[in-house]
Amino acid sequence: DFLSALEEVKPLFGAAEEELGKRLLGGIINYSTFIDDILEEGRLYTNQVRKPGSTPILSVALHGPPGSGKTALAAKMAIDSGFPFIKFVSPEDMVGFSEMQKVQQLDKIFRDAYKSTLSVIVIDNIEMLFDWVPIGPRFSTSVLVALKVLLEKQPPKDRRLLIFATTTERSVLTQLDLFHRFDAEIAVPNVNTQAELAHILQHSGAFADRDLQRAIGEIQEITGSAEVGVGIKKILTGIETAKQDQDMPGRFARVMSHAIAVNKA
Amino acid sequence: DFLSALEEVKPLFGAAEEELGKRLLGGIINYSTFIDDILEEGRLYTNQVRKPGSTPILSVALHGPPGSGKTALAAKMAIDSGFPFIKFVSPEDMVGFSEMQKVQQLDKIFRDAYKSTLSVIVIDNIEMLFDWVPIGPRFSTSVLVALKVLLEKQPPKDRRLLIFATTTERSVLTQLDLFHRFDAEIAVPNVNTQAELAHILQHSGAFADRDLQRAIGEIQEITGSAEVGVGIKKILTGIETAKQDQDMPGRFARVMSHAIAVNKA
Amino acid sequence: DFLSALEEVKPLFGAAEEELGKRLLGGIINYSTFIDDILEEGRLYTNQVRKPGSTPILSVALHGPPGSGKTALAAKMAIDSGFPFIKFVSPEDMVGFSEMQKVQQLDKIFRDAYKSTLSVIVIDNIEMLFDWVPIGPRFSTSVLVALKVLLEKQPPKDRRLLIFATTTERSVLTQLDLFHRFDAEIAVPNVNTQAELAHILQHSGAFADRDLQRAIGEIQEITGSAEVGVGIKKILTGIETAKQDQDMPGRFARVMSHAIAVNKA
Amino acid sequence: DFLSALEEVKPLFGAAEEELGKRLLGGIINYSTFIDDILEEGRLYTNQVRKPGSTPILSVALHGPPGSGKTALAAKMAIDSGFPFIKFVSPEDMVGFSEMQKVQQLDKIFRDAYKSTLSVIVIDNIEMLFDWVPIGPRFSTSVLVALKVLLEKQPPKDRRLLIFATTTERSVLTQLDLFHRFDAEIAVPNVNTQAELAHILQHSGAFADRDLQRAIGEIQEITGSAEVGVGIKKILTGIETAKQDQDMPGRFARVMSHAIAVNKA
Amino acid sequence: DFLSALEEVKPLFGAAEEELGKRLLGGIINYSTFIDDILEEGRLYTNQVRKPGSTPILSVALHGPPGSGKTALAAKMAIDSGFPFIKFVSPEDMVGFSEMQKVQQLDKIFRDAYKSTLSVIVIDNIEMLFDWVPIGPRFSTSVLVALKVLLEKQPPKDRRLLIFATTTERSVLTQLDLFHRFDAEIAVPNVNTQAELAHILQHSGAFADRDLQRAIGEIQEITGSAEVGVGIKKILTGIETAKQDQDMPGRFARVMSHAIAVNKA
Amino acid sequence: DFLSALEEVKPLFGAAEEELGKRLLGGIINYSTFIDDILEEGRLYTNQVRKPGSTPILSVALHGPPGSGKTALAAKMAIDSGFPFIKFVSPEDMVGFSEMQKVQQLDKIFRDAYKSTLSVIVIDNIEMLFDWVPIGPRFSTSVLVALKVLLEKQPPKDRRLLIFATTTERSVLTQLDLFHRFDAEIAVPNVNTQAELAHILQHSGAFADRDLQRAIGEIQEITGSAEVGVGIKKILTGIETAKQDQDMPGRFARVMSHAIAVNKA
């Protein structure tokens, strides 16, 4: 009945808050105007679902290079929605599950969501959920097909659902006939300009102004380009590694240059 | 015996009505003359099956691009038939089923249908029922073979069955030797002209005349073409998204242009 | 013992008669001289098996395009044999069987046949029995191998067996090393000439002479050829569809032209 | 112990005699000198194994086109050996066996053979035993590997084993690294000359001399060649089919010409 | 509870010490300055993880040719960390495990690690853990996906984890989208110069100075190059083999030349 | 405990002696100086392992064409070692084993070996142990991976292990990344010169000098070359076959020429 359903939903939300918090440990640094634009897009879709009478299911794909901040941004949007049911679904929680168990778990999550009038589900790393491996290629057909179906399945009457999914593999999702099933997409870019990088370094408080300039200068020297092209996640880890080194700016420059080169390869 | 069989059939029909209703939430907007033509074709096949003495099984494939309205039209035809047994079969209802379970479920649905003198079965998204994935390609051989057989299996004496199936993958069905087993086919097109699009926008009541013209104009500007080429489903969702934006016509134009571009890619 | 064996055989025959009747609902229309030739061939092989002392197992493959009448002709030949044991084997009866269950069922059917001195087994749609799908290609190796073996297995002493198999896939059977195991083959052609088509239309009694000529004329106009090239099955269904239309000859012409075009594609 | 072992072996031999007899229903017609040569080769290998002190396991592959007489000749050689243990292994006896069951059955047969001092095992249609299908290609790895191992496995002390295997697929066996494991090979040819064919026809007693000449003449006319190129099995069946026809020589010529053409395709 | 958890962790560490010792039987010979550089890198990452407040999980890939010393160096770094929980994971310990059992074992090891505040896990031969075989190629998707997830999974609050993984297949890991998930990489080179080789030979104490020069000279003669290019592991085994031969330097030169040639092939 | 462990080891050794004897039925004929060289190499590796303090595990691959004597030579070396634990592992002993059972059996054999201070394991036909079939190619990944791991796994303290493996597929082992895991390799050649062949024939005592010359001469005539190129195993069997023939040298020449031709194909 309805009461016990509500009871079941509450703790799920509590658990999700902790889960979501873990994805936001690095905060959301406002290093470029497009960060605000992305969050504004999220509010738009949240409002659309909130409004009674409109389409009862809406799905949004956040895609971009590794470490660009997709998961953190999706977590932020989910929290900002204020919807009573929020669920964070991640491949981490399904290590060692059989294909069938994964499908059943996904099905259960959607059925749980339908117990609340307004729900958000974040599906993190969707391509890893169906075990995508580029060699072969290999993937779990049954999990993929379940995701396709669940993305388009009409909720029961008076239930409204918003789905955020993150992926580094937009083109794979397209080839698998999965991508066009999303109602909308949001592109999350790398940190690309030296100004953006400087903003982040300053925000970290780890570098003296002078060291900051030296680090950025050395990166340009090593990579031979003023374009940066690396995810914010690697930048934040790189700062920490550099802190262990006596020559902090030099080490930071080397670590970043290596990451940029690996990205390009 | 016959009475208990009838009892079993009744509730199935009830359930189907609700199922079918859910597929018709956006109604059937008469945005072009071919909508009437399609429904007329449906009536023709319904009449053929209804007539005693003619071929006791008839199958019709509705094919067309994503979101063009195949499911809604098939649901409408099924309801319009007035046949005592109507069943809507969808991949949604078989999430987490094994191949064998799917085959058994399909077999049961056909056997149920034979309990009524006149029956309609709608098989929605037939290619997803056999787990078609274009990479590989992959699909469930046993479900595919079961569908082939069931499509051509003669009903018992004095039982007459009409099958509507929907698909976005006509050529896949052809390659799999499934398509030619249908007795007839109905092509469901995209919304292709600006007049058709205008009809739908007007019907929605969301746009002032002036905004409507601006929206259509901007789409032509962005896409560089007067041809539209998008399913009615995306149009209806696009209107709702646009409503959240202060600049409704501008947002609608951007959303549609993106959808048209993705379709062409 | 022998008596109980006979008892087991009798009902099998009864069931077969009904099964075979269902395949002959459209009768055998004598629309060309080769229909008689084909039935004469059937009698020849029946006589060969009937004669004691000759080879105790004989297998005949009926092959031809979809809907050309293979199943009806094989059913006719089986009935005409007058053999005490007749069994009709069809993929329809094995929906949802595992590979192993299919093999066991086939094995049982052959063992049942050996309980009678003279037996006929009709294997309908043999390529679907081993789940042939052209993409891949895929097929059930174990069912295929079982069929190969059963086709060549010597019956016990004083037992004589005739096998008719139907297929649309002669070349597939050849590639799979199955075809050459048949002792003889019978080709079943499409309805190819306008005279043959006229014969069938007249036999149906549905068309006035004038309409008949108009229909055939329009087909030639649409297809741009005097050659017909379609199976009798599509013709019989097409007549029924046309009957629902006010413009019967016109609709018949359109339906046939479409079928002919699909065949050629 | 030894006595019970002997008891187990006896009935096996009895069964084998019946099995072997069934393969020799058409006799061994001496239609060419190479028939004697082949049987002489068989005696040579039998003697080699019989001689104490020599190599305790010897395997011989009989290969040739379909229906050329491989099975009959292997059966004849096995019978002529006079060895106390003879076993005929055929895919027929393993219909519906799993791979594992086949391997276990093969293993058992070899262990049974080792209970007798002198044994012959005939492995008929060896490529079908491991489910060889040319499309793919597919085959049972575990049965193949078991056969490889069993062909080379040293018998226990004072046990001597002779193996005859038949196959139409010498080149497949070579590619699978199976063929070179045989100690010797015997090629069994088609009936290739008109003289050989005439010998067989005369032996059948079905044709008057004049009809015989006419039949052979017509074959040459239809095929456009004096070379025959067909297995003796098809010839013997062809004679029987022809007997049902009023024009016996004509029908025989047509049936043979068709068989020859199919062989060449 | 916490106490019993600690108890579980202790013995694990004890066992690891023995495990790690076994990988260091040949010691760490300081044959080049880059050996120190590598160990210094290890200390840097250890310090980064040790520092509270920084990123709680850090993974480092040691890659290089076979036998170059990857495992020994990873073991050394793990011991040098002095972390209270150290676990050495090797394919050796999972012989005969099913894929599912491997995944569960890996999952357990990570959960065990989280019982300690500071932990090191060494994953040896990571590509063999997921059964990589270059022909096919083949690999265990489920183990690979589990490793991907575990490498990036955030530890619980106040838990910090350092991962060292060794591999000879850096490019394979890249193609499988596994490599970029490591936070850092360390390249372990072959012994490449004659000076390095001389250092190792001298350190072994097995060669008189004169023999040492002769051995190196002969290697250059046979291989036609002053470059060495072989892992330290083969060098240490080669010294032992050579000791058995009267002509120790000659034998050593032959063995090394062979190893170098095989490496190049 | 140690005593019961010893008890378990003893009978294993006894069984091995019989097993090894069976592989040496044809003796070791000293037909060329390289036979001594090969056995000398074996003694070298045996001594290396025997010496305490050196590397505790050593693996040697014997590779060469079919029938060249690999198994006999490996058996000889194992016996000559005089080590207290000797185990002969052959695909023969694992007919009908599942992959998992093979892996467990291999694991058990290695664990048994570690119960003795000094042990030899002979792995015969290693590529057949992991079910290598060149078409596909196919092989058992789990057995292959288990062999890779076991070949490199460090024995427990104070345990020393020598492994001889035989194979006809050196290049396959290389492609599978298995070959480079062996510490050493020994090439076993065919009988290649007429002098070598003459030595073997003389040793057999079956030929008069004159017949011997005639046989060798005829081989040269038939093959058109003075090079022989056949394994000693085929030569020994060929002598026995020839003995059955009245024209012994002629038959021997024909059998050998055929074997040489098959080898070259």
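Structure notes:
For clarity, chains are labelled A, B, C, D, E and F in written order, and residue numbers in each chain start from 1.
Throughout what follows, contacts are C-beta pairs under 8 Å (C-beta built on N, C-alpha and C of every residue); 3 or more make two chains touch, one makes a residue touch a chain.
Not measured: the values here are computed from a predicted model.
Hopping across touching chains, the smallest step count from subunit A to subunit F is 2.
Hopping across touching chains, the smallest step count from subunit C to subunit E is 3. With respect to subunit A, maximal separation of chain centres occurs for D (centres as means of Cα atoms).
Compared with subunit B, the chain whose C-alpha mean position is the greatest distance off is F. Centroids of subunit E and subunit F (each the mean of its C-alpha atoms) stand 33 Å apart.
Measuring from the averaged C-alpha position of subunit C to that of subunit F gives a distance of 58 Å. Distance between subunit B and subunit F, defined via averaged C-alpha coordinates, is recorded as 67 Å.
In subunit C, no residue reaches two or more other chains under the touch definition.
Contact topology of the protein chains: cyclic, one closed ring where each chain has exactly two touching partners. Beginning with subunit A and heading toward subunit E, the contact ring passes through the chains as A, E, F, D, C, B.
Partner subunit B is touched in their complex by these residues of subunit A: 44-45, 47-48, 51, 54-55, 58, 100, 103-104, 106-107, 137, 139, 141-142, 144-146, 148-150, 152-154, 174-177, 180, 183-184.
The touching residues of subunit E, when paired with subunit F in their complex, are 22-23, 25, 66, 91-92, 95-96, 98, 128, 131, 133-135, 138, 236-237, 240-241, 243-245, 255, 262, 265.
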